[in-house]
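Think of it as A, B, C, D, E, F and G in the order they're written, each chain with its own count starting at 1.
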Amino acid sequence: MSEKKAEISFEEAMKQLEELVEKLETGDVPLEQAIQYYQKGMELSKVCNEKLGHVEKQMQQIMNEHGELEPFSVQEEGKS
Amino acid sequence: MSEKKAEISFEEAMKQLEELVEKLETGDVPLEQAIQYYQKGMELSKVCNEKLGHVEKQMQQIMNEHGELEPFSVQEEGKS
Amino acid sequence: MSEKKAEISFEEAMKQLEELVEKLETGDVPLEQAIQYYQKGMELSKVCNEKLGHVEKQMQQIMNEHGELEPFSVQEEGKS
Amino acid sequence: MSEKKAEISFEEAMKQLEELVEKLETGDVPLEQAIQYYQKGMELSKVCNEKLGHVEKQMQQIMNEHGELEPFSVQEEGKS
Amino acid sequence: MSEKKAEISFEEAMKQLEELVEKLETGDVPLEQAIQYYQKGMELSKVCNEKLGHVEKQMQQIMNEHGELEPFSVQEEGKS
Amino acid sequence: MSEKKAEISFEEAMKQLEELVEKLETGDVPLEQAIQYYQKGMELSKVCNEKLGHVEKQMQQIMNEHGELEPFSVQEEGKS
Amino acid sequence: MNDQYLTVTALTKYLKRKLTTDPHLKEVWLRGEISNFKHHSRGHMYLSLKDKGARIQSVMFAGYNNRLKFSPENGMNVLVKGEINIYEPMGQYQLYIKEMQPDGIGALYMAFEQLKEKLETEGLFSPERKKSIPVHPKHIGVITSPTGAAVRDILTTLERRYPIVPVTVLPVMVQGERTAASVSKAIEYANKHMDCDVLIVGRGGGSIEDLWGFNEELVARTIAASHIPVISAVGHETDTTISDFVADVRAATPTGAAELAVPSIDELRDQARVLQARLNRVMVTQHDQSKQKLDRLQKSYAFKYPEQLMKQKEQDLDRLLEQLTSQIKRSHSQASERFRYINKRLSQQGPESQIKDGKEKLEAYKKQFTLRFQNLLTQKQNQFEKSLDKLTLLNPLDIMKRGYAIPFDTKGKVVKRVHQVQKGDRLSVQVQDGSLDVEVLDVKEDEHVREES
């Protein structure tokens, strides 16, 4: 299931999550439906979270990789 | 019996229960009838209660499931 | 990968980088796209930086090589 | 390479140098092209410098050779 | 070379010298050409100078030879 | 040379001298030619001077010899 | 009657005789104007003399007219002397002119002008014909009267100026009709027999008649023909004769002629000096000019030109080099700047904020979600509890709290009527806090209740 979810984008997952939240807010949701929504929501939340974590890790990695090249430009900038 | 009852939804059970209560409130119900209603009400009440408990358990479970994954979000929730 | 990038010119790299930055700046880029753009941007930025550094080194080298001829003219100029 | 350059005249070398400078001044020259222009410009500049030095030496030599005949005219000049 | 020059007449040498001077004074002469003109000019100038000096010596000699004859005409010259 | 010159008449010498002077005065005579003319002119001038001196001496002599001399003796010659 | 008629010839002869015997007509002095002038090829002249009122046919035979010093022309007013006679073939009386001279101006003047014009037309006066006088004459011939002042003046002057030259005086007549022939002969003699290189021909001053010999064509032509250069000196400054025009040099006076004939030694010396001075001057001038020109050329800009050119080129090169370096630096710094700017923008575009936003939003969603769900659950629970409370309140068995009990038969039915049970039936009696299993010991029915049901 999470794999299937992984194929949807972060934004899509967030959108679905938002829809679920909105559905719950109407208050007309039967209990069993609600718990299912809740479960789905939590799963979506997990997906989003994972995606965010993944992106964050990527970012960290990029920063680490390209961190060393910055000083050159920064120094130049500092001089000018 | 509980299995048969389990098939109706919480809302249906609540609806029936509420009807029974209404009937009883009219006061015209013969005792025997009343007792039956009451008994049925109690049964329905039990069903509802179980369902509620079940859902609550589910929730707890879901929370737990997603909780360990994201202790911090739980904490966040805890704080709010 | 960096070798492949090295074959594009500074201006081409700058152009691509600029396009990426502009895309990112519109704010409409989905997160995962964005991180990819960002990564590519960082790579292009590295390429540009290296090229700039290379050119600077070349400049320095050429200046040093031809440095001996300078004083002659400079003195002349100084006198005039 | 410098030998090949030596065959062009001083004026030609100066003209080429000036053209390079003009090209660079337009600001449209890609960076890597620019550094090549710069290198070529420095070589041309060296050629010009050598030629100037050579001519200067020639001039000095001519002046030294014919130096003795000058006083005659100069003295005459002085009297008149 | 100077011997070869010596065979041309004073006027021819002066004419050539004048031509060189004019060429140089137009200012359009390329550097290497100019130094050659300059050298030739200096040689011609030397030739002219020598020839003039020679004529001057001859004049002096003739005047001395015929001086006793008509000292006063030479004086006349000197006064005018 | 002066002997050869001596054979030409005073008139001839004066005439040649005048011609030389006139030629020189046109200003078209090349310098080296001019100095030769000058030399020749000075020689002619010397010749003229000598001849004049000679005549003067003759005159002096005649006067002394024939101081008393009558113009008529000349007339006498006319008559014969 | 016949005797009364004369022949034309007889009459003409008669008239002729009459005229020739009249002493007045033998010598007529007449004044008139020439017209119809004709100079016949055989030498005779035919003309008319006229005045306002009349004309007379005239003829002047060659024997007379060859002595004329002028040529008659139509319109000329003349004074004539002649005789009147008849030309028989034409029966015409004519004036036979013996002498003629111009009326008004003198005949000599007329003759002078006419000869002058004639010789000038022939070109005898032209400058090209004039021979030059030698500067140093070796022998001078003087053609003049040996007794006049003229010869004395000439000889004195020659002696004074140039005593070394031999002078020969050829004595001639200088006055009277023989003058021309005499002078002319002397010139010819000098040309033929003497080694003169200058001739002085002349005389002192006098009237036009006195000088006339020198106006004669003979003299003029002899002078023109002379191989020896001729200096003429006739009369004084104001007198000019034909000879003067023809001569190679004209002197105003005999003294002047002598001065022209020989040089002054001082003048020659001056000339020689002047020439030498000119020679020196021109040589020095040429030399100086050459030197000045050379100096000018040597000092000219062109000789400094290579130096200045070099200086300029050095500067040009420096400028270009400077420009080149500054341009490349500029190019590089512009590229760097551009890069830094874009790099800065890129670094600002890192998705950190997006991630943070995402996280926050997600957290919010999650919180909201859980909250909503809990709310929902609570709501459901409340609803349930409310229903349950109500139900509990409506519990029909609550009555038993007041001491009531409800009997149920074995079938679970509430026993409402006595006849529902029989003695010995087992009933379950529900009380407040439980049930009692009892046995029916008796059944008693109330009377009024029975009726009612």
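As a convention for this text, a contact is a pair of C-beta atoms (placed from the backbone, for glycine too) under 8 Å apart; a residue touches a chain by one contact, two chains touch by 3 or more.
Note that the structure is a prediction, hence the values are computed from the model and not measured.
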| item | value |
| --- | --- |
| Common touching chains of subunit G and subunit C | A, D |
| Centroid comparison with subunit D (C-alpha atoms), farthest chain | B |
| Chains most often in contact, by C-beta pairs | F-G |
| Relative to subunit E, chain with the most remote C-alpha centre | B |
| Subunit E against subunit D, contact positions shared by both copies (same if over half, else different) | different |
| Centre-most chain [mean C-alpha coordinates] | D |
| Distance from the mean Cα position of subunit E to that of subunit B, given in whole angstrom | 135 |
| Distance between chain centroids, defined by C-alpha means - subunit C, subunit E (Å) | 66 |
| Inter-chain centre distance, subunit A versus subunit C - centres from mean C-alpha coordinates, in Å | 34 |
| Touching two or more other chains - residues of subunit A | 10, 31, 34-35, 38, 42, 45, 49, 51-52, 55, 59, 62, 73 |
| Junction residues of subunit G - those touching two or more other chains | 276, 283, 287, 290-291, 294, 298, 306, 310, 313-314, 317, 321, 325, 328, 332, 335-336, 339, 343, 350-351, 355, 358, 366, 370, 373, 377, 380 |
| Touching pairs among all chains present in the structure | A-B, A-C, A-G, B-G, C-D, C-G, D-E, D-G, E-F, E-G, F-G |
| Sites on subunit E touched by subunit F in the complex | 9-11, 51-52, 55, 58-59, 62-63, 65-66, 69-70 |
| Subunit D to subunit C touching residues, read off their complex | 30-32, 34-35, 38-39, 42, 45-46, 49, 53 |
| Subunit B residues within the subunit G interface of the complex | 10, 14, 17-18, 20-21, 24-25, 29, 31-32, 34-35, 38, 41-42, 45, 48-49, 52, 55-56, 59, 63, 73, 76-77, 80 |
| For the subunit G and subunit D complex, residues of the former touching the latter | 291-292, 294-295, 298-299, 306-307, 310, 313-314, 316-317, 320-321, 323-325, 327-328, 330-332, 334-335 |
| List of subunit G residues in touch with subunit B within their complex | 363, 366-367, 370, 373-374, 377, 380-381, 383-384, 387-388, 390-391, 394-397, 406, 413-414 |
